Amino acid sequence: MINDKNSQKIVDIIQNFARKHSLFVLAYGTGCGAIEIPPTMTSRYDAERFGIRGAATPRQADVLLITGYLTTKTVKRVIRVYEQMQDPKYVIGFGSCTINGGMYWDSYNTIKVLDRYLPVDIYINGCMPRPEAVIEGFIKLQKKIMEGRAEGAKHYKENLEWYRANQKKVLGPTTPHIQEYNW
Amino acid sequence: MEEKKAQILEKLQKVFPEISETKNDFPYNRVDLRIEKNKIPAILFYLKDEMGYKHLVHITCVDWLEEGKFEVIFIVWSPVDKIKVFVKTFLDRNNPVMDNVDMIWRQANTYERELREMFGIQFEGLVAPKEFILEDWDDMPPMRRDFDTEAYARKRFFARPGREDARDVRQTIAERTGEEIPDFAKKYSR
Amino acid sequence: MNIIHITLGILLGGAILTYFANKISGVVRDLMFISTIVVAAALFFIKMTPDTVAVFNLGGITLSLGMNHLGLLFSIIILGLAVLAGFYSLPYMKGKDNLGFFYMNYLLSIFGMMGIVMSKDLVSFFIFWEIMTWSSYLIVVYNGNKANKIGIKYILFSALGAYSMLMAIVMVYSQLHSFSIADLSAGFTTMPASYQITIALLLITGFAVKAAMMPLHVWAPDAYSNAPMSYTAMFSGALSKMGVYGLVIVFVTMVSHLPQNFWVRETIAWLGAITAGMATIYAIFQDDAKKLLAYSSVAQLGYIITGVAIGTEISMIAALMLSIVHGMFKANFFMVVGAVERQAGTTDLTVLTGLIRKMPWTFFSALMSAIALAGIPPLVGYVGKWMLYESLISNGNYILVIVIFFASTAGFLYVFKILYSIFLGQEEPEFENVKEAPALMVIPMVIIALLLGFFGAFPGYLLKYIDNALVVMGYPVSQGKWWEMTTLFNAWGNKVSTDLIMYTTITVFVTIAIVLFYRWKNGRYVSTKDISLSGEMPKEDENYSFKLDFYKPFERAISPLLRYKISKYYNEFADGMEAFFDWTRRIYNGNAQTYAIYVITFLVILLLIANNIFTV
Amino acid sequence: MVGSPVQLIAIPLFAAFLIPLLGKAWKELVRITPGVVILYLLYLSVDLLNYTIEHGRVVEVIAGWTPPWGIDLVFSPFSGFLATLMLFMGLLVWIYSYRYQTFEDYDDYEPTLKYYLLLMMMITASVGVVLTGDIFNLFVFIEILGITAYGLTAYYRHRDGAEASFKYLFIGSLSSTFLLLAIMIIYSQLGTLNMADIAVKAHELKPVYKITALVLFLVAFGIEAEMFPLNGWAPDAYSQAPAPVGAAFAGIVVKAGLYTVIRLIYTLFEVGGTYEYLIVMGLITMFFAEFAAFSQTKLKRMLAYSSIGQMGLVLVAFGIGKEEGVYAALFLMFNHAIIKSLLFMSGSYLVYKSKNKYISELNGVGKMMPVTSFLFALGAFAIVGFPPFAGFWSKLAVLTAAADSGMLLIIALILSISLIEVIYYLRVVNRIYFVKRDTDLGITKPTPQAMFSMLVLGAIILIVGFYPDVITGVLHKASATLLDKGSYINDVLSLSQTIN
Amino acid sequence: MDFLIKTLGAIATIIVAFIVGMLYMGINRKITARVQNRVGPPVWQNYIDALKLVSKKTSVHHGVMQHLAPAFLMISSMGTLLFIPILRGQSWFPNLSYHGDLIFILYFMVLGSLGMALGAGQTGNPNAAIGITRGLSQMVGFEIPWVMALVAMMIQYHTTSISDLMAIQQQHGWLMFQNPLAFLAAILAMLGMFRYSPFDIVGAPAELASGPISEFGGKYLGLMMSSGSIFAFTKLTLYVDLFMGGASNIVVLLIETFTLYLIPMLYGLVSPRYRTEQAIRYFWGWPTVLGLAALVYSVVI
């Protein structure tokens, strides 16, 4: 029954519905944008209305929220965290630093284009984006999930070599022990 | 306060006649003095043990590119006098070597590591792992003023299309608002 | 010539032959050793009937040996463990020095224990007791580590116990002019009251040393942890039960006739409970697996002592049940630690880590023993504990229940600690080449582990023997009143169905396991180094397993209790005695004049007081 | 019956003086003769013992002067047992010391001659002490015994030995003085020196003389029996003497000393309070000796103090009185002779091996001298009373004897003392076997003859331990004999079984 | 046939427990949100979370114990549920309630903790192990007043069977009024049992990255959540059976259990977090005194 195509579609719809309404967010406080997360989650903006809640570890999280600039040192950890998350998983780039480097465009130790290194599903621009914008971004993501287009993880898996090459370039030759990513 | 500062300088000068330049005209509890680099451990020892300057606030460095010098500054503080003493010394920029002082304060080790990594100043006898903040760094120490950070960033990181002009934001703003750009900003902007 | 002669003869002869077989070759010695145990055990279990009697006459004293159901119960523990631990010790001890000596003492201590449970009179009881003591002592110091400290402590306390026992024996003799235990239990009430209580207390002291009761337990942790593990399995599993055996006899035949019956029982029960509590707390803070288990043994024996001391039917069943079960799981646990020691080379819990994938069978038996030790239901450890609680509650020892329960709950802490530290946590390159222990070591462990499960569902198979033993002790038949094959009852008629518990457990477990295994492919094994730790990754030489100060918060919470350590007082006493002895030594100062003065002074004093001391 | 008691004294005395002459003929005869003689004497003694156990005591009158005027020798099961024990120990000591290694000059003629001469005389005197029925004769034998013992103590001609010997001599001469004084008092008042006669006439003595004589006897014999505080000589003598001599002290000399005390109290004077005196002094001796033994750092001194402690226990057992007490005491004496000799013999080899007198230097000797160490450990286990070794049965006997008399406090004291014993003996055993040693001392084997005598002692320990009945019959008979004072007097004075 | 009905009854019990437990947790979230002046998630949010977790495409584990930890948890939650009576005097869900007594249940409830502890230990995550040590230490704390309360009731009515206690309460009125001290001690112990604030240091998200469950994701986390909700219902039912005389029908049961559930929840809402030793000392303070008083009270009665 499960292999039946129509049934699979129904199952997919149910699963996507569940995924959409239950987003566990790993807010990786990499940059100054992390300060926007508390108001988003607490009483003023209350993102929990939409089923969005914080997760403490990547194993439990669905969404990796990258809040701002990523130094070369941090990006290594971020990649690891992303790879530790369970499929399906989504990445939200947060603030202009993740889009084009923002004010760190000429910094010697900050990456500038996040989607070369990780499959970003949604970018939220602004420096910093307000909580309203963040929630807007989440709703966009939910829409994408429901439509079945939030396939960043799949994309990452398929283009792993490209991503790896990009990552290696930034992280340097001696960067060790990024786990083999084989699922 | 002023008298106390003067007393301190006087006392130090008595013990260390090599002190070349002193300054205590800051309105705060701050005294500056300059000394040769080989006298640094001695004066720091003296300050710590004899005069009660038990706390090392910071070790920092200024890159005098034009003069070809690094100026290393040791800031020490006495909880009794409530006065900061800035002990400064010049190093040759081409051969920045000086004595390690982490036997006086353990925490000096950390500052020295930072200076070593960011300015390339070698502290003789410093025992610490090679990498501190930068990982796999193979270029010039990045905090030196002759390090071209933009070129380095271009070389190493992807840039999103649309920023090819690489204009300084200040310039854009100046054009829009008619604001005057200060000279020092012009110097390194393209 | 009956089975008693044969069993004891085989064990004694086997011991001596094993020693000399060592001179021939290692294989002969091993064969000799294991065949001695197996043949003795097999003959014993096939041929032994409870009414067999053997009588010897030695030195004007009649030594009579016999067997009853109580003895039979303990023989099951002794010989059963001896066979399993015997097989285990062949690979475990391989390559160590002086193995002939070791195996000889091993067999001698089994000989002693079998003699004890067969003894029908006090002298033979004492003789076998002492044989057991010194043979076990020789094994405790066999390793040579701190032999003078640990060994002397063990033998000193053992001798203290043995001599208080001997004191009691000659006191009995002075009253009854007989050494027979039957005469003792018959004639106990005819003795003067002061003799009764003194004899009972002296005997309790003697047995409590072996059963490691509170103020007399200080030898136990060191001795248990210092002996080779293949023997400690016997030591903790069977040898300490000899103390329990003695206590059972004392409480049944003597204490129940005392006028101070109530107080003696309460005191010993409380001491047992405090032993359990304090030993548990100390076990929690041990960083060596052997030490931890040693303290745990002391704690478990505390429960048993409490059960024996309370002495109601159900508590006696509980105590005997706990004796058997403790023998099983603690022996198993020591074997596990021994296997780990042999394979990984250390028992330091702060060093060991992540052996579960290397030694799965060992882990399995450790897990089963741990669950049994903690007294968690489907396994058999639960049966004894349940009965102990029921007996304490129905007997009115309410506070005692709380203390015991505290000890038992705190027991989870060390159970988790030892399992976690050895088997779980991150894998370490140092232990990369560790392999599962040899089959001869694993099989006994797995057998015990499976038996723990089997008896958990059908405790009646054990309770049957206990019932027979209780009848010997003068209790009524308990089957049907306190238990059936798969059901336990308490004083108020409430029951627990062990088989249903087991079936429920298995059903739920299997169901959930199937659920988990459904879509097996989406689960994936990753190495224990791949953990989510702020994106940080342990390097090859880093191990993030949590090891040091394992229960620091608990230690902080409980710190007022840790302030008093009984060994401190013993040490102070010992120091004082030593100083005193040294002072007396100076009387002999090596000076001839002084000695002459002594002589003259003595003569003069004697002359002066002679009229007072000598009557013509 | 092949011989008579007098041969037991006459033959060795004669042999002792013959030894130098034989030595002139062939040097080896100096070594061999004593052994042959002792062996023969042992045969005689065992034979006599068998006879007396069946037929009662044998009294022999020397030179036809019947008691109470003449000198007589009494071979009762009691004295005969002690004599046999002494001769047996003498034989083993002889075997052990045959070309003993620590006699560095064992090939030299003169020291060897002296040694065997003195040993022979010592055995003679001891047997004499035990057998004689005449109190002055007793004095003479004790003097001989003392002199030979002084000589043997100083066998190693170095400073310590001489000092120990001097101490022994000093205290021993005090003993002789008191003894002579006591004999004088008796003779002056009663006009007799025969012990049986004294026992008969003792009630005629005025109390003041009787008490004075008793006290003098007690002190004099107490010195021989190592009673506290008269035993200052003993530890030095034991530890400075050569090992076989130490064994001989433990097995022979002390037994003779004890015998004198026992004979005095059980036969000579019937005075109330003596038994209690024995118990109290025995306990005090035991306590102080064991405490001192506990704090010793040298092995042989430890053994010496332990030996004194055991003697205290024997005194306690004798003080308990009754047949059980005497039986226990005799059993203890037997065990002490066997075990302590074994400990001295094996212990001195261990000490010799580790080149150091200290216990702390014995680490790991067990690896290098397995058999000797095993025998030492066996002795240690036996003497602290672990079953199934010989010491257990004697300890049990003492305790049951005390229990029969209701002396529970004494039992408790004995047992607590045993705890101390356990500690200091097993401490040594631990060091020998279980404490690792860094340096390898190489293997030194005891001479076969030493090994033989140690093995014999070990075998006896095991045999008695597993089957004590081999010895208990004799002991019961002996203790019954000692207690039967009336028959002793009767036998001696009426000469019922006299040989002449 | 009888067996079949019983099995179906057991399954139904478990399903009801799951649904109710999840619902309570949802209500908890909602109420928490309202107290914090938020709208909060819908009450069915937990079902969605569970569904999402189970429908995760991947889930990693670090070894067999982590794989089996949910099974151990389920044994103790489902097993305990089956061994306690759900409804009083009804033949609907008797399950196995006559085959176990209180002491058995006390111990059976711990099996899950041990399995969970081992599973968490297997992950190799230090946070997990630290959380476990804290949890076990805290358990030693609250078990003392809890056992005291139970023993007090056992000796008051001379039974260790829950069904008997329920029947007795029919005659004498609720135990929470018969022995209020025991009830208070048990309720205070319950605060620790639910591990809500202030006793939530075990899985403190900010300090320990959610502690023991930090390596559990996907279906493992989903099963553990389900087990937790079943266990919550089990514990509540046990308390209702013991102190409130059980429930005669499902509506009463829901009301009573929810009332009880409010206690730890509301207490948690207004409490900051205790450190472990503070928590232990808390439980060994007044709750234990109350427990002792309850013991004395029931002996005197």
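Lettered A, B, C, D and E in written order, each chain numbered from 1.
The rule we apply is simple: contacts are C-beta pairs under 8 Å (C-beta built on N, C-alpha and C of every residue); 3 or more make two chains touch, one makes a residue touch a chain.
The structure presented is a predicted model; accordingly, all values stated were derived computationally and were not measured.
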Partner chains that chain A and chain C have in common: E
Distance in touch steps, counted as few as possible, from chain B out to chain E: 2
Most centrally placed chain, judged by C-alpha centres: C
Chain pair, A-B or A-E, that carries the greater number of C-beta contacts: A-E
Most widely separated chain from chain E, with each centre as the mean of CA atoms: D
Longest centre-to-centre distance from chain B, chain (CA-based): D
Inter-centroid spacing, chain D versus chain A (mean Cα positions, whole Å): 97
Distance from chain E to chain A - Cα centre to Cα centre, in angstrom: 35
Chain centre separation in whole Å, for chain D relative to chain C (CA means): 44
Chain D-chain E separation of Cα centroids, rounded to whole Å: 79
Chain C residues counted as touching two or more neighbouring chains: 524, 526, 530, 532, 534
Contacts with 2+ other chains: residues of chain B: none
Chain E, residues touching no fewer than two other chains: 56-60, 209, 214-215, 218
Every chain pair meeting the contact rule: A-B, A-C, A-E, C-D, C-E
Residue ranges of chain A in contact with chain C within the complex: 28, 57-59, 76-78, 80-81, 84, 176-177, 179, 183
Complex contact set, residues of chain C against chain D: 57-61, 123, 126-127, 130-131, 133-134, 137, 141-144, 147-148, 151-152, 155-156, 159-160, 163-164, 166-167, 170-171, 173-174, 177, 578, 580-582, 584-585, 587-588, 590, 592, 594-596, 598-603, 606-607, 610-611, 613-616
Chain A-facing residues of chain C, complex: 524, 526, 530, 532, 534-537, 539
Chain A - residues contacting chain E, complex: 14-15, 17-19, 21-22, 24, 42-43, 46, 48-51, 53-57, 59-60, 62, 84-88, 183
Touching residues (chain side chain A, partner chain B) in the complex: 72-73, 99-101, 103, 105-113, 116, 166, 169-175
